Amino acid sequence: MTDTLLQARGLSKHFGGLKAVDQVDLDIHTGEILGLLGPNGAGKTVFFNLISGVYRPTSGTVHFQGKRIDGLPSHRVAACGVGRTFQIVKPFASLTVLENVLVARGITRYGTFRRLWGPWQSKSETRAAMKILERVGMAELAERKAGLLPLGNLRRLEIARALVVGHQLILLDESFSGLRHEEISQLETLIRRIRDDGITVLLIEHNMRVTMGLCDRIVVLDHGRKIAQGKPQDIQENDLVIEAYLGSRGGRHAA
Amino acid sequence: MDAYLITIGTLIVIYAITVYGLNVIVGYAGQISLGHAAFFGIGAYASALLTTKAGLSFWEALPIVILLSGLIGIVLGLPSLRLREDFLAITTIGINFIVEALFLYVPYFGGALGIGGIPRVFLFGIKLKGMAFFLLCLSFLALVIFICWWFTRSWGGVACFALREEESAAASVGISPVRFKLLAFVIGTMMAGLGGALYAHYMRFISATDFSFPMSITFLSMIVLGGMGTLWGPLLGAVLLGILPELFRPIVDYRILFYTALLLVMIRFQPAGLLGEGSIVRKWLILKPAGGRP
Amino acid sequence: MLLEASGLHVAYGDVRAVNGVSFALEEGELVSIIGANGAGKTSILNGIMGIVPLREGQIRFQGEDLTPLPAYRRARAGIRIVPERARVFPRLSVYENLMTGVYGLKNKIDLPRRLDWLYGLFPILKERNRQPAATLSGGEQQQLAIARALVSDPKLLIVDEVSMGLMPKLVDQVFDLLARLNREQGLSILLVEQNAMASLAISRRAYVLETGVCVHSGPAAELMEDPKVKAVYLGH
Amino acid sequence: MQLFFEQLLNGIAMGSIYALVTLGLALVYGILRILHVAHAAVYTVGAYAGLFCYSYTGSLLLAFLGGMIFCSILGVAIERLVYYPLLKYPPYVPLIGSIAIMLSIEEICRLVAGPYILTFPATLPFPEFQLGGVTISSTLTAVYVITTVVLGLLWFISTKTELGLAMRATSQDIPIADAMGINSHAIVSIAFVIGSSIAAIAGILVGIYYNQVYPTMGTVPAYKTLALIVVGGLGSMPGAVIASMLLGVAETLLIGYADIPLPRDALAFIAMIAVLMWRSEGLMGSK
Amino acid sequence: TVKIGLLAPLTGFAAADGLSVLNSVQLAVERVNQDGGLLGRQVELVYYDDRADGKEAVALSRKLIQQDRVAGVVGGSYSTPSRAVAPIFEDEEIPFVAAYAVHPDVTTSGKYCFRNGFLGMVEGKSAGYVSVELLKAKKIALLTSDNDFGRTLAEGFKAYLGDQGKAAQIVFEQTYPFKEKDFKPYLSKVKETNPDLLFASGYYFQTGPIVQQARELGLDVQILGEEGADSPKFLEIAGASAEGFVIVTNLDRDDPRPVVQDFLKTFEQRYQIQPDMVGASAYDAFMIICDGIRRAGSTDGPAIQQAIAATKDYNGLTGVLKGFTDIGEVVKEVQVQIVKDGRFRHFGVVQDMTLITP
């Protein structure tokens, strides 16, 4: 079961003198939900960007299914089956929700010149896209323009897009923030189901109730360095984590 | 039909072909290009040189011209991969000025004298002039519109739309920004090259000033007025901006002022174009928002 | 009454986001608005601040009619907002962002002391003083937005999703801070927060919003006991 | 050596004039992100207005004042009537509007003042200098002095007053700037008043320097200044000044020492592309 | 009525020339109509604004031919549009007389195209003649406007010097771009080479500043210009510096013939500005067509063409036209004018047939 899907070794990203991510080793096992925690500015988003090819690491390597992917551009990483969401949501604003998902369905075609010329709004594609939208509970918004949706819906739209692309691994960057309780529960169920489908999940989340309940394992970053990893309960009691991240009252309000 | 009307019509159709190319670059892929006249000019000069100096016929030269335009489009489109949107806008203006300067100052391109004596187009041994040439241009326009229509319905097209909206999100679903920006540039500049070739063989005399920056702005105004990114907007814009100045002929002294003032008013009150979202035309026709286009 | 809003309507083109919401806030009160995704909370707050135009309705602040005034006049009357998704000025440095918070009124407050106080609350801001705000992490931007709204010592603070992106430790601190400012300095606060539990816990009163209409209102403690509110917003 | 010196002085003068025109553009670009091509038309109008005031009053001071006032009104009118309502559209929409304004103004100038070149037969009351065998004429002195004063004032405004901060905040997020108590619309108008006044100064200066005022005198600056604001780093005012000076000097020296076949306009753009390949954010721009 | 067409740049960068052309031709129309018109009919002028743009001119030429059915057309515009329309008039057999466009191709389109202005070669050679023979220059600097006209002028100038076997030598040569405004860098260099004559070609808005800036730099050399500088605006721009400046052109303001003096007087009275070479040439171009119609006795294209081609010793405003060559180039004397007391005055004339025959 400890089959390693993604392996980061000595991964670093420096901005000038600032070490946003510093010598991080991390393994993601196939089929787990791994939580990435850490204080604000710890380097979590930067770490995501390193894995997903937005940034090229200053040093270190990333292997995905045994294949080295660090330094590959985003679209190549995506083509390996890694889907992601953005902390600051990035919908294709003037397209409809359905079209947003359809765009992602093209993942298998964008790489080959010959397959680019078929029609993209075919019945079968639309049906498949609608299924995804139903899964994230947005089917009734399919025809709405994405740019005009409130934040909570955009978070789910991003997840839908990531789901289409990420048949191996999906990266969720604070996808629960801005959702109310009920919606959070729905999403939690969804993510468990995704995991049960065999897709691995790496998520960043400040909502402790979500991370504690959902994650199989947690890694904590601080100042770009990994300071702890382990089972949720262990993390919650780790002094370093409490000091840097949870606070003395254990994130009472954040629960 | 009146030769004068055919002249105006032919020029409008040639512009429309070129403007469809610009629509692919700006409207579909969201890459601002303010130097489209340069590619129009490259097509014109290439065809003129190939037919006058290399002795090819129009039809032999055409594939070479189109390929060459696309190729140069790729090379000059490279900055768009590196530069932020607003820098790109001005860089493309720069490309326009530089290309024009090359035409003007390189003796091989005829320098300030331009290139004259460009042969007419023959088809099946028949000399195409007047109406016949107009029809030829019209068929090319139909072809170009068909290609654009096909493109918007293809995966290649939707990849460009996505890039236009959010580059990093597009990359996260597997769309290579480099590949698709260049794809749009190639398609767009090839269409401009085609337009340029037709222009050269229609005017039969070209000089650098025909391809200067104001021409690029005219092209851009045509799409913006027609409706950026729409299928029929470029045609509407080309017809409108092609005909208006002619309608104003009688008011000789005030003609250009009327024209520019009208352009200003249209931009100010229909900034999304006549076929764009929320336009009066759309309200009249109660058109549904076009899928995938703004 | 410090703030009285009556019959607010906000719409974007054909989308009607807020349909006739009225509420009030007394001097020194901390009031929450809770509601689902897309209920129109952000629209109300932005409407009060003047960031989006009101279709209908009236806003009175300290007895003065704010409705016809542009946003900057409202701001100068002493209202500050922590907008949704922070919206810091990306190409201004952290320090310059803070300075926009006291635009036009530097003389009336003790700026160095206020800055020291804020730097104490959010040490990262001091550390990143010269860095452009765009390069801050999501949570850091949120801290900056809070600080920016507080440098000027406003009379009314409007907060939209204040905990978004903040780490647990800071969420605690920020809620404590809001509660303390309200209690000790009598700062009036209008709070919108997905984390309904946390916001109700520090609020005196609350309004519950559903698709642009106010469906409940009352003292926070009562709402926390309301079975329906509990089920939908608090998750018990 | 003397030739070099002479060329250098000319180059600096030309750079100063570029800088004056470019500054207004950089200012407007910095705030509204609009390529304000019509700025060059404002400059033309400035020259005409100055000439008009001068020929009626005979006073250069009034000429400058009149030009600045007239251009400020024109600039604010352009901003309020055209740019502000078009802000939420993609940048090429206001750009086309701007070019339409420029062409319209050119036409109006032609209709009102005639297509002929008018002369501006004034001498600026500045002293002449002898420097190492080179004469610095009074016009050159005037160009140097006026440019220095304008740059100094602008530098003061943008770094030492709150206005500068307000301008930059406005340039990034107008609604939020408003919510911080910044009257952003007024700020934008002030920027146009400043930019247009400088354009008027530049227009009058150029009119006197070359003794020509004509409807299309803005065409070349209109586009060349675009290259300059890019080289400077879009929206950066110190960058715009440095770029202008460098270009002015480079142009004169190139003409003086090499018989370059390319026209100057293309030269500016070639320099621009070279700079962008080296630093994609311009000389003083931020990423 | 008899309709005669005119294409001129009434707007855009060349608007000043266009207006001058239009004003002059309108005087010509009045003149002809006062004298009883043509073939017993009144003459009507149909004019369009081509903005000095080839595309517009092409459409307009079709309009003139098809909709207005003109008998002949005056080309009152620059080379680019004139070249673009010349083949069309040739095709449709309508006589076309270019007033001042300089590009050789304008007339090579065929026999229906004529030119009343000088070719660059002719004027360049004449300028060479003036420099060497009238101004006695030994060391000459050339500052050339970089367009088709400037370049052929320089060629003609050098060709003349070449023929003279190095009586004079060129010590400096440079071109400047069309839109140049600051000539100090060039003039500083000219000054270094210390010539005794500067031949500066270009339009008045170029030569005006050249002369002015030369004097400002302390470059006190004799300056020679050409017809581009033949404009009252030159005198205004250059101001006092203009004194002693010499040009080769086709209008002699001291020509005692009544055609010339009447025109000068009427023009200045009517338009409050002195006429220039461009206008005068267009006036003549119009008159040449009228003369052709009169002699042909018909408004039929081929007939007019033959009449114009047979023109001999026509008493024109820009001198006595000896006739047209086979390709349609005018043969007439080249005038030399000098600026004296702020006006162009007679200085000399180039009569050598080997120089003035294209």
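Chains: A, B, C, D and E, in written order; residue numbering restarts at 1 for each.
Following the convention adopted for this analysis, a contact is a pair of C-beta atoms (placed from the backbone, for glycine too) under 8 Å apart; a residue touches a chain by one contact, two chains touch by 3 or more.
Please read these numbers as outputs of a predicted model, since none were measured by experiment.
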| item | value |
| --- | --- |
| Chain labels contacting chain A and also chain C | none |
| Chain whose Cα centroid lies at the greatest distance from that of chain D | A |
| Pair exhibiting more inter-chain C-beta contacts, B-D or C-D | B-D |
| Gap in Å, rounded to a whole number, between the CA centres of chain D and chain A | 49 |
| Length of the line joining the C-alpha centres of chain B and chain E, rounded to whole Å | 37 |
| Computed distance of Cα centres, chain E from chain A, in Å | 75 |
| Where chain C touches two or more other chains at once, by residue number | none |
| Set of chain A residues in contact with two or more other chains | none |
| Residues of chain E engaged with two or more neighbouring chains | 11-12, 146 |
| Pairwise chain contacts under the document criterion | A-B, A-C, B-D, B-E, C-D, D-E |
| Complex contacts: residues of chain B adjacent to chain D | 26, 32, 34, 79, 82-87, 89-91, 93-95, 97-98, 100-101, 104-105, 213-214, 217, 220-221, 224, 228, 253-254, 256-257, 260-261, 263-264, 267-268, 271-272 |
| Touch list for chain D against partner chain E, complex | 3, 6-7, 10-11, 14, 107, 110, 114-119, 121, 135, 137, 139, 210-212, 214-216, 219-220, 251-253, 255-256, 259, 261, 263-265 |
| Residues on chain C engaged by chain A in the complex (per definition of touch) | 12, 15, 36-38, 42, 84-85, 124, 135-140, 142-143, 161, 163-173, 175, 194-198, 201, 232-235 |
| In the complex, chain B residues that touch chain A | 150, 153-159, 161-162, 165-166, 168-180, 291-294 |
| Chain E-facing residues of chain B, complex | 2-4, 6-8, 11, 111-114, 116, 203-207, 209-210, 246, 249, 252-253, 255-256 |
